[in-house]
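Two complexes follow with subunit A in common, the first pairing it with subunit B and the second with subunit C.
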Partner chain A sequence: MSDAERILGEVKGFLLEQFLPEEDPAALTNDIALVTSGVLDSVALVKLVAHLEETYGVELEAYEISADFLDTPAMIAGTVEGKLSERAG
Partner chain B sequence: MTQPSTPQRADRLSGSEFAVLAVQLGVVLLLIRSYRIEQDFGLLQLLPVVFVGFVAHAWAPARHRLPLFLAISVAAFAIVLTPMQAMALIALGLGLIGICHLPIPYGARVVLLLLAGGGLAAIRVERVLLPWKTIPTIVLPVLGAMFMFRLIVYMYDLRHEKEPSSVWQRLSYFFLLPNVCFLLFPVVDYKAFRRTYYDSDAVAIYQKGIRWMFRGVVHLLMYRVVYHHLVIPSHAVGDLADVVQYATSFWLLYMRISGQFHMAIGMLCLFGFNLPETNHLYYLTSSFTDLWRRANIYWKDFMQKVFYYPMFTRLKRLGTMPAVLVATIAIFLVTWLLHSYQWFWLRGEFPVRMVDVGFWGVIGLGVVVNVWMEMRGGKRKRLGRPAFSLARATLRSFKTLAMFATMSVLWSFWSSASVGEWLDVLSSAGNSPPRDFALLALVALALAAIGVAAQYVESEGWPARISRLEPAGARGVAVVTAVGLLLAAQPGVQGRLWGPVAAVAASFGYTGPNEADEERETLGYYEDLLETQPESRIARGERPGDWVTLEETDAVVKTGDLRGIEFVPDYVGSFKQATLRTNRWGFRDREYDLEKPAGTYRIVVLGGSHAMGSGVEGEETFENLVEDRLNLEHALAPYDRVEILNFSMAGFSILQGMRLLDVKALDFEPDMVLCVIHVNEEVMVRRGLRATIGQGRDLGYVWLEDIVERSGAQRGMSVVKLEQQLEPALHRVTEGAMRTIAETARRNGIVPVALYVPLTNEDIERSTKRRHGLLRMAKHAGMITLSVHEAYLGHPWNELMVARWDSHPSPLAHRLVSDHVVSAILRERSTLGIAEQEAVSIPDTTGKEPRS
Partner chain C sequence: MIAGLDDLLSRSAARWPDRAAVSTADGGERLTYSELERAAGSIRDALARHGVGPGDRIAVCAPKSPASVAAILGILQAGAAYVPVDPTAPAARGAFVIEDCGVAAAIVAADLLAGLRGAGELELTGLEPWRKAPGDRAIEIVRGPGGEKTRDAPLAYVLYTSGSTGRPKGVVHTHDSALSFVRWCADTFDLSEEDRFSSHAPFHFDLSIFDLYVSLLHGGEIVLFGEGISKQPTAMAAAIAERGISVWYSTPSVLRLMVEFGQLESYDWSALRLVLFAGEVFPVKHLRALLEAWPAPRYFNLYGPTETNVCTYFEVPAEIPADREDPFPIGLVCENDRGLVVDEGDRPVASGEEGELLITGGTVMSGYWNLPERSASAFHVDRDGTRWYRTGDLVREAADGNLLFVGRRDRMVKRRGYRVELGEIESALYRHPEVIEAAVIAVPDEDGVRIEAFVSRTDGGKGSIIEMKTFCSKELPLYMIPDRFLFRPSLPKTSTDKIDYQALARGAS
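After this line comes the complex of A and B, so read on.
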């Protein structure tokens, strides 16, 4: 399993546990919109950001807390991955 | 994110698709025109620009569309404002945008923008005077509406901009076509503005724009129904039902904002800007956070992006929960400040009111508590439609009802002048018996049951099934509604409708003020702010600084009785830019002897500002014109002469007239006392009586003291409380004053007459009931009644008003009234007891046939 897949799996697990406990995990696809569809609101977003920063040791800028960076599970994982690459690079 | 510099999906428009869209847009624009929707804001002037602009834009090559949109916007500015004002607006705007792009560090640009803003603010409040008077009062409010928030968003996004946008996109973002009419404008996000430009099929975007404009029309028409049928003045609130109606109507007035927002964003969709919804079912919110996310969504997004998330990232080292709570509190503080900041640019004042602090404080506290609960317990969401649960649906229904009630109460609080007055109004609920409270609880239960049923229907997917009928089904409903509304706009159709339906249809088309607004009571934050629109702005900009009330001049001195003020004798000065001259007896008229000359028929006139002639020369008042014409024609022969002595004073009603007759007018031995009354006579009576009690002046009449004592009104009460106490007694007070005048007159051999004169902006159809009521009351009190309510028919308001900012009668209006009064006196001569002679023909000097 690649780093990207592991991050994506972990992010989806967090989303299901925290915000979608009654949801079928299969329904949470990689590209399902979460912010623009209203599933994740501002409170959920800051909780997610706090989790990502704590879990992966990355730091998100204020302008990155938006649908442009965190709308889907894939985008969330991609943002984390990008941050990790920046740090490593 | 990237966005195309030219639209990528903009060319999928066939001739037939275009024809369907154009017809729909035409119908919506026709509706706006038929109902004169927001005409005071210049919206009707914008309609041809929108239609022609849409056609030209839709067929223009994709790469030319942004420059074309900008050109259309600039043309609209020049049409709604003036070309010179539009040029000033654009020059100032370009200056601000230029500062954003100076080749200096970001921080320096921000400082320069702040300095520029400070300079413009100084001009706005006229600390810095410019030779062009309309810059601070007309151009700067529009500039403020375009830049006060969008500049903040723009600078924020500029800092993080990955891919630069075109100059046309940047300019279009600020110079948005509908913004010139709608100064209260949704805070459009720059990134969303770029991202959504033709991000979908062009036809779908245009269709959405038309649908939202139509939705805006519906909201604005519903607003008129609420405004004219539900809003009640605070002094009329007497029990629980009134309190519910009072509070609910304030919250429902928000439909005007959502209507304008839908209209504005819908218009932008017509030009490819596929922006998101501004308000979403905000009357069905079930918590404060839910409300924050659904009402004025753009504001929430703006706050989150520019203040909330940056604050959270700075504070997160304190821990997630403290950071979130502090950031939430802070954005409500900022929201409060920015509402005053918005008020400043639109109205030129920076209000700091306790009700604003209280309003935003309560909403902020509610959101903080909700956020705290969500942070602690989490918030369960579903990706799809959740299964129906009776318990959950019932809870949600009650929460929604509670939220609606809370917002109604809060909105009424926000719209009130002071906390004390608001509490006085709400305490009226205590006058109702327990049965009324039980009934209210039953109504709430019934509404909750409807809410549960609606949620069941939703969970079964019925709305989704209906929406699958799109486009044909939904469009069909919209077409039927639109055609129905167009038909209802026709007076011939309204006359055939069932009473209540006809009343609602009539209120759709009525653009004048309601009873409460005539008294300037119901204007809340947004209502007051909306006054700063083109027509009002123009009027405000032109109004001279010396255009003051009579009480503010040195022409009057205070009295300790019902009158409150009286004229200084032999005064010569200026009032509303007309000469104000009083005679040796202290009334605004020519010189007369105290003793009536032999062979003279003498009339004394008792009235308010209209009869006094506010804003016109003494010789132009209808009273002097009537006197001159009757004498010129010897119309009252065998009397040699007619003398009409005008005792009227601005602010007076029949109540002060009663006192004036006793203390002054009787000494002049009149044959007739002519009381000039108008549709707001009782409003003026209430104000006069309230001021007399409030200032501890002498009421002077036993019957009046008795009524006041029984009403419970006392000195020291708030204005609202005083008026509430007096409200049930108003008819008796007005009729009592009429009766006292009639009895005094009869006792002295004088003929008492009540003359109804219309206001220049009066809709005489709508005022029929009140007019008949007043005249019936006068007749019942023993007066002879005359009415010249048709005097102004066929003449537009702007010709009748003394100035665009003052609705008192112009010289023309006085001439029209004088024609009708002369005719009425001659027609009713025998009834009035004036010795008869052969009929005299009086020519019409206005050159216009009065219609009847």
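After this line comes the complex of A and C, so read on.
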């Protein structure tokens, strides 16, 4: 499994467990909107960011904590991956 | 002489033309008092060119910025009342407000205009674009559906709040009721032109009345926390410290988020000297944590529905006993209002007994827009002809005279400081094509309340929570979207075949 897939899987697991108990995991597709659709509210977004920063040791800038960077599971994982590779590079 | 809210600006602009009047939290945009007065004046003149003026209502639908503050003040200078429309809510809701309030014109951020036009049957013909300065984001002045001009006491603003029948209702305030509150603040808190006031609440939320006008009265600086930063505790905390905010006002929820995620230990808080909170109960455990992080300021719990501005207040003691668990009182009735605690027959209860809080006095609204029956039933008129606003809040008077909040009489709850009528959420859920039955309850939890929606679907099965929330986001403001969805083949009924809310509450986890 690539890093990208691993991060995506972990992020989805966190989202399901924390914010979507009893949701069918298949409904949480990689590209489903979560922030612009109100699935994650502002408090959930803050908790998600805290989780990402702690789990991956990355730091998100204020402008990144928005639907522009974190709307879908794929975008969330992509933002984290970008941070990690920036650091590795 | 201060006769209207707009006089607060002209007076301070005459006295302190070069002091900062309004800025963004990041410090990127800033207007002095003379610049703000000039910008407001150009809005006023543009409105006058199109025949909009005294007795009219004008909607403002734009993100928070110095330009939108200038728009509000320009509307007031024109003698009209402003009607803030939540720029983040579904366009259909904004279109409803514009239609319901019969606004003569609307001042709309250019990128929100198409959505509003598409959501209703509103034409919103363009009158002219407006810019505070060349290169600024475009704001459009457009013609509204129009309506009758008001003739009584000049209205200042109409704030729409959640309505139990499924539609928001407009709370109407005059310049007099707003100024009564603003003057009470000046008498109660020790404020000056040196103060920097946070503006955290959006303009359609009544906390904004303090932020804007108390600051303008004193010649202070309004520091705008816009739609983005106001939800980001780390950036918010940094801005409060770096911009030297001295007066902070928000809901307890926002303060809690900052305690938990704001890294408050990293900053110098010496400028901060007054923290006000309102809109919901502040759980003592979280308030204690806040006082530990910010030990210096004075803290006040302010209480009052949108209909009354602030009508009671309580100063939180500097030290909170370690064993205290009960929330602090809502306090004493403000000096410019009077309060009464009554039973279901509107008879005053004995001190210490529970009853509904009624409020009369300078800060109370004139009524709901275009809802004469709702307005009449919102007040109890006593034998002397005094109109008492029924808050719907149950309170009890403690031995020391402070009022304690006990609960609600109806199905309105406070979630993160916002009023939420559970019935309005149910109305939205019933618009979902697969929903046969819907019932929404509020369950107390450590974050305040959690909103749970029980739904039965045409297929009798489980739906997707993501799909339900996405649907709700097109019908309701984000703060009204239920936290949880529970799918049931059918909902429990009482013997009279109504949905049995008690049974649902017992079954909620």
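We take it that the second predicted complex is superposed on the first by the 89 of 89 C-alpha atoms of A that agree within 3 Å, B and C clash if a C-alpha of one lies under 4 Å from a C-alpha of the other, contacts with A are read in each partner's own complex, and residues count from 1 in each chain.
Operating definition for what follows: a residue touches a chain if its C-beta (ideal position, glycine included) is under 8 Å from a C-beta of that chain, and two chains touch if they have at least 3 such contacts.
Source: prediction; values computed, not measured.
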{"item": "First, second, both or neither for A:V39, with subunit B first and subunit C second", "value": "both"}
{"item": "Contacts of A:A4 with subunit B and subunit C, given as first, second, both or neither", "value": "neither"}
{"item": "Partner chain in contact with A:V58 - subunit B first, subunit C second, else both or neither", "value": "neither"}
{"item": "Which of subunit B and subunit C A:A27 touches, first, second, both or neither", "value": "both"}
{"item": "First, second, both or neither for A:Q18, with subunit B first and subunit C second", "value": "first"}
{"item": "Touched partner set for A:L84, first subunit B, second subunit C, both or neither", "value": "neither"}
{"item": "Common ground on subunit A, meaning residues reached by subunit C in one complex and by subunit B in the other", "value": "20-23, 27-28, 32, 38-39, 41-43, 46, 50, 62-63, 65-66"}
{"item": "Footprint of subunit A on subunit C - complex, ascending", "value": "228-229, 231-235, 253, 257, 261, 416, 447, 462, 464-467, 469-470, 472-473, 478-479, 481, 484"}
{"item": "Residue ranges of subunit B in contact with subunit A within the complex", "value": "1, 156, 159-160, 191, 289, 293, 304-305, 308-310, 312-313, 316, 320, 323-324, 371, 374-375, 378-384"}
{"item": "Of all residues in subunit A, those that touch subunit C in their complex", "value": "20-24, 27-28, 32-34, 36-39, 41-43, 45-46, 50, 62-63, 65-66"}
{"item": "Subunit B-facing residues of subunit A, complex", "value": "18-23, 27-28, 32, 38-44, 46-47, 50, 53, 60-63, 65-66, 68"}
